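The two complexes that follow have chain A in common; it is paired with chain B in the first and with chain C in the second.
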Partner chain A sequence: MARTKSKRRRQLEQVVVYPLDWVEERSGFVGAIRYFLFRKVPHDTNWFHTLGSATLTAFIVQLVTGVILAFYYKPSPNEAYDSIQVITNDLTLGWLVRGMHRWGASVFIILLFLHMGRVFLFGAYKYPRELNWLLGVLILVLAMLEGFTGYLLPWDQTAYWATVVGINLNATAPFAGPFISDFLRGGQEIGANTLSIFYSMHMLLIPGGLIGLITLHIYLVIRLGVTSPPWSQDPAGGERTEVVTAKRGLVEPRPRGNGGPP
Partner chain B sequence: MADELERPRERPEHTESEVHLPSPTIWPFAFAAAVALILLGLIVSLVATAVGVVLAVVFGFLWVRQATRELRGEPEPVEAPEPVVAEEEPAAPERYTRSKFLEGTTLGLGAVIGGIVTVPVLGFAVAPAFVGQEHPDVDLGPLDNYPEGDWVIATFTSDPETGSVSRRTAFIRYNGLRDEVPSYTIISNRCVHLGCPTQPQGPPGELAEVETSAAPVTVQPTQPSGFGCPCHGGAYDIEGNRTAGPPVRALDRYEYSIIDGSLWLGKPYSVGHVDGEGAEATVFRFEDAADPGVHMDGPEQILYPYVP
Partner chain C sequence: MANEQERAYFKRYKEDVETRGKPFHPWAMFHDTVMSLVVVSVIVALACVWYFTSGEEAGESGILGPRYTEEADPGTTSFIPRPDWYFFFLFYLLRIFKWPESVVLGTVGIPTIALILLFALPFMDRRRERRIVRRPVALVGALLVIASMGILTYKGATAEESLASENVELVDEWVQEQGLSEEGEQGATLFAQSGCQSCHTYLGSGSANLGAPDLSDIGASGQSAEELAAYVANPAEFGNQVMPAYASLGEENLMLLGTFLAESTGEGGGE
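Right, the complex of A and B next:
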């Protein structure tokens, strides 16, 4: 603090800080981001702890490439196969986006299992993180459903017969089985309805559920803290000792709750 | 700098008691209802309009009178101090309070509205898969394509609207006359394990295309010793009875009819098992075709109360 800042520098800082300040005062957004980013983490976390965020990255890649593919894919029995041929062979870089989506799906599932294995072997599912394990299991189930519904969309022989067998596997479940299979097929025979239903589930229903579950999953990670490895001397996670608001950061603290208009 | 920033904690008191509010009144609502009646009357009957005009004038006058009472210097009628009376009653301490009632009403109304929106949407999402399922009959072409005693692999379009996705295959054998009535054995190629296409175990013959009244049908003669499924090794004998592997019942069959010298395929149905052979076979059948893998007979059938 010995050097005093030049006037120009202070003006520049003002330019940056003012909009942030404006947002912070009205939303508390900056504080929330600081709460999200600046957490206490055990000092001996290692590369295995990155598997979770790697899975998240794979999921985001699936989201982005999936949205782009949806621009050009046509979910009707007469057009689906041809539209995929167009995506792969004719559209600029279509082969790349489809390839990323197709192989990224496998990467996503593989990373899910690796992440699950890390959590299991590190004992990170234990108190107080049981709920997060359960959320993770639901995410795994939905991810498998994404794989199952996405497999039909190329609408070739592999897709058709894999889905025939997959739906009939569902039908063998006691009591609810035939009911589920009728719903998945959209009737008693595989046809146009099946493709529409699978497409809708693949790009709307299940991703929506996944996004919600992943949000909850990450919220619990932030709330409970990152686990330390089993050999660590550090406590897992740990209480937040400092008050994480925008106290000493870019933005001035604002009294919240009693400073606004009546 | 930031730490020293001191903000006024207390703001000047500004409570609702100081805000002037007009006393509650019913007349604006009555006036609005009267105007609505006028508009309704313009469509329905002029008598209603007249009544509406009269009511609007009366209620409008009352509203104006009420609103200008203060200006005209009349004292506002002091409401009876009901809350005070209520508080003095010691007998009802756990009264169902107004806020509780409003909370319950809001939640209840929300549930009703949510239900009104959700139930049709869910119904629309789920119900079409279960209602209005029909199997249109399929023309398989003239009878002489199906010679007596021989098996023919017939591939046909079961639903022309759906197109090539609905291509299905059946194994057809003409058994000759039984009690003066032509008898056919028509077995679906859908494996009753998980729905893969079964193959006839025998040499295939020449493919031929048969023109019909609808989509063309492909026929191919064969001499099978039985039927086998490539997926998981399910094996069936020549009547469709399971002989080995994971299938849970015999192969499904089709009903048939003969119209103007052509063989027509009816709806498929599931079969428990078949005794005997050819025209003399006794088929233990069920009304409709169930999904593959669903037990139709034996003790396991209690696990599948819903069969499509």
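Right, the complex of A and C next:
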């Protein structure tokens, strides 16, 4: 009995381990994921540090719901409004997908600002993380552009006139302004060309840029690590004062959690 | 380049994390997972409230606004230009600046400066201090930015919208005050109905948006009805890139509007 059990067990293990080994040997992906999951972070990371991953979650919600919406949305002035109505009122759970995309956009922007505020509060943009701050600002700019281009797509009055004004405001910029607004409109009037351009930017150009920037952003977070809260009694990288050294000698097990009183 | 102190800090940081840190999984992973679930739940909840409190009709608003408004129609001009909420601060900023002198400050100037400051932040703030109470400039700057963004967003959100139905009732008053002719009165009615007052004020009514000037005494500028009509038809031709073209109103209506504007001298030709 014992022998058959262990044999089955070995076979089961083979089923799981073999493909993983196969992939690992040829790519190193498994090692990379293991490194990502089990890398050390400062002992005093806390709930503030979840704002980045929360923002990523909101972005993933936008990607998934956006892809589903693109199945049913028709980017032409004659059909866009009708397809939005069909999505919202007729398709099974269409309202949920559109609602999540619409409100997810606001949640994404709010979380971006909160995340940025957290990084500012912690002074986490300082050496050696300056570059990641720049990437973050670029992500914020692209996210706002995503909001601007997506706003036109329902092709209702609110969408149309907000875009008329938005494009006109672009035109006030010195030198490049009129060219940018002509390009965005795809001609003199807002019409089929405008909708195509906004649709393509909203679901190809800007999301592509965002995915690339977010990947780099996360790569740098992993490479450089996150900062301890500035109010931590014993922050990672803190000065080696006598107090800290003494405390480290005494405190066992290692302190964890919120890093002590503010 | 980084100085010795900075490099030493980062070396200590790496050591501390390595020797005394905790593994990302499960510690941070737990927090992140809980937070992500909260985010998705909030999004689903918002979608539900939005959908179940609104109706199928265009413009049938619930707690979180309508599902959609009427289909886009370049012909109708009675619109209220309103961006999504996170552009409200920009939108309201344009009430402060006036066409044509300073509007570019609101549309391009201030956003560009804000963006440059954001990009430059890590290069301007080179001190290693991270506690916010010991970074007075950063603290005051952050509070000012939060306050001004908050106030502008709030003002943009609660800005009174000028309603065509209310403005039309004022036409009689305008006729009295400005001494408008028959044609001028027709033009005034058009003016009230066509959404002009979404951006322009006139004798104390309407809302000032996007830097649009008050039109109570536009006629005093000496422009003729024809000139004003041509301007309204296509403002871009006169170098005004902000105001949309109203050529779709038709020649006749444009002339009525032009007459109304030319007669609006602000001096009160009537009783």
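By definition in this document, the second predicted complex is superposed on the first by the 221 of 262 C-alpha atoms of A that agree within 3 Å, B and C clash if a C-alpha of one lies under 4 Å from a C-alpha of the other, contacts with A are read in each partner's own complex, and residues count from 1 in each chain.
Here, a residue touches a chain if its C-beta (ideal position, glycine included) is under 8 Å from a C-beta of that chain, and two chains touch if they have at least 3 such contacts.
Treat the numbers as computed from the prediction; the structure is a model and nothing was measured.
Q: Putting chain B and chain C on the same copy of chain A, do they fit or clash?
A: After superposition on chain A, which the two structures share, chain B runs into chain C.
Q: One more residue to check, A:Asn78. First (chain B), second (chain C), both or neither?
A: Touch status of A:Asn78: first partner only.
Q: Is A:Gly186 touching the first partner chain B, the second partner chain C, both, or neither of them?
A: A:Gly186 contacts chain B only, not chain C.
Q: Looking at A:Phe122, would you say it contacts chain B, chain C, both, or neither? Reply first, second, both or neither.
A: It touches chain C, and chain B stays clear.
Q: Specify the partner with more touching residues on chain A, choosing between chain B and chain C.
A: C
Q: In the superposed arrangement, does A:Val15 touch chain B (first), chain C (second), both or neither?
A: Touch status of A:Val15: no partner.
Q: One more residue to check, A:Phe148. First (chain B), second (chain C), both or neither?
A: It touches chain C, and chain B stays clear.
Q: Look at A:Leu169 in the shared chain and tell me whether it touches chain B only, chain C only, both, or neither; answer first, second, both or neither.
A: Both chain B and chain C are touched by A:Leu169.
Q: Report which listed segment of chain C has C-alpha atoms clashing with chain B; options: 3-11, 93-101, 111-119 or 129-137.
A: With chain A aligned, chain C clashes with chain B through residues 93-101.
Q: Of the residues on chain A, which ones does chain B touch that chain C also touches?
A: Shared contact residues on chain A: 77, 160-161, 164-165, 168-169, 171-172, 174, 177-178, 181, 189-191, 248.
Q: Touching chain A in the complex: which residues of chain B?
A: Counting only chain B, the residues touching chain A are 2, 5, 7, 9, 11, 14, 126, 128-130, 133, 158-159, 162-166, 193-196, 231, 289-294, 303-308.
Q: Touching chain C in the complex: which residues of chain A?
A: 36-43, 45-47, 49-51, 53-54, 57-58, 61, 77, 81, 84-85, 88-89, 95-96, 98-100, 102-107, 109, 111, 117, 120-130, 133-134, 137, 140-141, 144, 147-148, 151, 154-162, 164-166, 168-174, 177-178, 181, 189-191, 225, 227, 230-231, 235-238, 240, 248, 254, 256
Q: Spell out the part of chain C that touches chain A in their complex, as residue ranges.
A: 2, 6, 9-10, 12-14, 16-18, 20-25, 27-29, 31-32, 34-36, 38-40, 42-44, 46-48, 50-51, 56, 58, 64, 67-74, 76, 79-87, 94, 103-104, 107-108, 115, 118-119, 121-123, 125-132, 135, 138, 142, 146, 210, 236, 241-244
Q: Mind pulling up the chain A residues that touch chain B in the complex?
A: Touch residues, chain A against chain B: 77-78, 160-161, 164-165, 167-169, 171-172, 174-179, 181-183, 185-193, 248, 252-253, 255, 258-259, 262.
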